[in-house]
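Below, chain A partners chain B and then partners chain C, in two separate complexes.
So, the complex of A and B:
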């Protein structure tokens, strides 16, 4: 082997290898015998694109993105289905510019049945109807998919990042084009982390609670609020660095830009 | 403005009444010392560094007096991108990532991950391996519940149970160490089997442990179950009804306390759970107290299962006889060239899984743990997804505490049994 350690570091900078085109979303055999699959085909006809079985007993239905919310609503409420428990909601990126898949995993406590639903979304139209009103489980799960994959859920009342910080600017980490170490250099990441302000820790909604602070410390008296940052904070200098430029006006650390310093 | 009167239960100069209780004294407070605060909401920030949030969880609360108007959890402080890391590792290399998620019940996560990959690859593990994994999972259910009971009691102000329970927990640490070489980061499963078979004397040590554990549980029972403060802090606190609990996706003891008897071990049995004789405790009120009762009973049921599993533990190989996934024995490795090459290929190139996917849910100590693995035919997953029970249980916290008192937030959050390593992943 020419480069014995190549395997260990493979993809660290570029993102994982895209899977082979023919393998994406394949591997199942035609689904038969699941009562919900037959009922879905009868009820929704052309909106049911295909139905396959994975790993022996996992039935999976591919449905039309436009009608997914309608189909899920029917699956939850119809007496013959009653999928009252949303086990999981996630997404898959196969890489190589291929469409993303949104996966719904359902369980019916009444009929003791499991069903998986998949919706395929092309990269240029990553939008799908939210199921927030059907299962409240999807509140955080949809936020997670939005955060990590960048899929927008129409109708979700509070769609914001959940695992990554609110001011995260590097994109959506679980996409295949996202490198493992992030898009920014370590220096830039550190600089961003250190420059987080109160607004980054609270949602705008939360900042309105309690009205204007009357006897606030300098942390609360920030720009855009009554008074703005106090003079003491504005003109603070850092004796360790030795410069006399206030913290708020300092230029980025040299070499800390996104393209350098790897 | 009307003068506010505060009734102190404990008098400043305590005098005892005829019933032996302190006589209440009414202390009038001058109006100018107590401004009317009605209608003014206050923002309180709990965490991320707070002993009662059980990790780096941050809760932002909007309060009206002591009543919680709104609760907004913030998570992600422990985000380690395990799922992304998994896409760069081959199937066996992911095992160490799994026990770092739920470090309170690491063996359950090891087993769940191995099970999902084996299902994807179509591997049926040996009978002995099945029973050993059942032992591992039930042992760690106890392991996790012991910690839960101890820390929850401590959050509510009872320190003694913590000491009793952690003494027992220490014994499980020792069992972990004997079995896997590590106390927390066990990494004990491999695709197709276990890292190693049970060491000599291990089953005897486990038997001794489960003989002694009920006594400690009884002691904790005596200390807590009918304790006035414990009941006062837990009964009718953090209530969630059956329908809401299902809609919010609660699982595990949290769901069963609300009266829904969903247990993956009964509803979709794996590893012959249908042949073990055990009961699934179900609560009625869906409050913190019922969650406590359900977990205490679950530990006793796990002891039952452990006893049955130890009785039926069959002899035979622990790993499947499948050279695709299992490393050759050390003696063979040293003796012949083919085994050497085989070893090299399995370690360096990994094992190729067939194209396909598998979503496998098992009953972990916290609730339903789903492992979703998607393969494109390579030695690394295209996607490895963990449906963490704590993540989804925690998302129901606002529903349980809004409209209740601030002190109930601590009790409710503790009763949910969350682990932040798995919530943030």
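So, the complex of A and C:
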């Protein structure tokens, strides 16, 4: 048997070996030179647990779970930071009982800078503040992380499954303790899938094809659920984040009529 | 082996089992089957790369219209043949079943490609392991994805199957209203035909340094 093939077969019975610190996301060298990292350390002190840099320029800041929303709010609004674009929000499970990590990948359109924020959550307390009010794009991203990892986002107006069927009862598939084929037998999975009635789980608005598009917040409000933009977003004068304000009513972007029709 | 050699595998109706086959009924069967198999309107249920090959089959070079499939029927109400091309997730399973239930008789089904036929390489929590657990299948086309020639060969096999049908065989087109929206097979059969095999027997474990080793059929394990 060839050596490479042997390596592929190794450990199939026992599962993967313990990850090295690098493979478990614990590598990297101390971050220096990123202006936001220094500012964060100065502003929040002990809430910044550590800051490392991967691959030369990927700066990653580990922050305290309790203060993550506050720190993200400051990163978005402070004039020296202006991380106005949430590129991605996801989570990582390194397995072996290690804590889960929630990852925020930020981009500043003003300063053309990138920053990664990580929050570690122990398996017995998978709860974190939602950033729905800061970036509306986090709506579906947080639903996806909830669906696949089972992390609860406090303050999310509509936290429910997004990829898996609503009647899925086997847990959260991207967790490392989730068996590859699921927890139920194939017969039970088939029966459960075919018993799914979408009318039970979705509002008529969501099931309508065509017609006048309705903002998600409006649909939720009509169904009696909490939804829609926060007061902070509604009353903002910042044209960059006034997502729900009609373009005609927005404050004009300084020196940029061309951006009005975006 | 051509189609001739496979005739033994095709479903046959016992002679005389449903009244004497007279000159009139055999000629009527011939006429009906001829018209049915030469005007099969397909309902394309394309969910993955197989759908690209299905589109290529319908385009000018392979030209499915030669076989009376001039029109892809995007409504199940006007379709005779469901071509399931691509992997089907459990979330999509009720959709597939509903489309099949909406198609009027006579109707047939081709399962195109490895994923639709058996789940393919996707032996995971979210994938249907063969659409025959959901709906009855007439012809399976292997391949990943099958070339247009493969799909056309499957369609011609279906033509052969339709040739052997008889109007007097009532059970052939019978449908039980109580089975609408239900799995196509009993739980025992689904378990039997969706079990892990080959390399996939090595994957029934979770991460985290422990092995679950919870295989129902240890004889299927690779040495």
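Everything below uses one rule, namely that the second predicted complex is superposed on the first by the 175 of 262 C-alpha atoms of A that agree within 3 Å, B and C clash if a C-alpha of one lies under 4 Å from a C-alpha of the other, contacts with A are read in each partner's own complex, and residues count from 1 in each chain.
Here, a contact is a pair of C-beta atoms (placed from the backbone, for glycine too) under 8 Å apart; a residue touches a chain by one contact, two chains touch by 3 or more.
The model shown is predicted, which means the values in this text are computed figures rather than measured ones.
Chemist: Between chain B and chain C, whom does A:164 touch in the aligned arrangement: first, second, both, or neither?
Modeler: A:164 sits against chain B and chain C alike.
Chemist: With both complexes overlaid on chain A, does A:80 touch chain B (first), chain C (second), both or neither?
Modeler: Neither partner.
Chemist: Determine, under the contact definition given at the top, whether A:141 touches first (chain B), second (chain C), both, or neither.
Modeler: First partner only.
Chemist: So, does A:32 touch the first partner chain B, the second partner chain C, both, or neither?
Modeler: neither
Chemist: Would you sort A:202 into first (chain B), second (chain C), both or neither based on which partner it touches?
Modeler: A:202 sits against chain B, while chain C stays out of touch.
Chemist: Now for A:180: first (chain B), second (chain C), both, or neither, which partner does it touch?
Modeler: So A:180 meets both chain B and chain C here.
Chemist: So which one touches more of the residues on chain A, chain B or chain C?
Modeler: The partner making contact with more of chain A's residues is B.
Chemist: First (chain B), second (chain C), both or neither: which does A:189 touch?
Modeler: second
Chemist: Determine, under the contact definition given at the top, whether A:110 touches first (chain B), second (chain C), both, or neither.
Modeler: neither
Chemist: Please report the chain A residues shared by its interface with chain B and its interface with chain C.
Modeler: In chain A, positions 12, 16, 95, 164-165, 173, 178, 180 sit in both the chain B and chain C interfaces.
Chemist: Could you please specify the touching residues of chain B with respect to chain A in the complex?
Modeler: On the chain B side, the touching residues are 40-43, 60, 62, 70, 72, 74-76, 79, 81, 83-85, 87-88, 119-120, 122, 246-249, 260, 262, 267-268, 348, 354-359, 361, 368, 370, 372, 374-378, 380, 382-383, 385, 387, 391-392, 395-396, 399, 424-425.
Chemist: Quick one: in the complex, what on chain A touches chain C?
Modeler: Checking each residue of chain A against chain C gives 12-18, 95-97, 164-165, 170, 173, 176-182, 185-194, 196-198.
Chemist: Which positions of chain A touch chain B when the two form their complex?
Modeler: Going through chain A, the ones touching chain B are 7, 10-12, 16, 19-20, 23-24, 26-28, 54-56, 58, 84-88, 90, 92-95, 103, 105, 109, 112, 114, 116, 135-137, 139-141, 148, 161-165, 173-174, 178, 180, 201-203, 206, 209-211.
Chemist: Hey, which residues of chain C end up touching chain A in the complex?
Modeler: Interface residues on the chain C side: 90-91, 93-94, 97, 123-126, 128-129, 133-134, 181-183, 187-188, 190-191, 194-196, 202-214.
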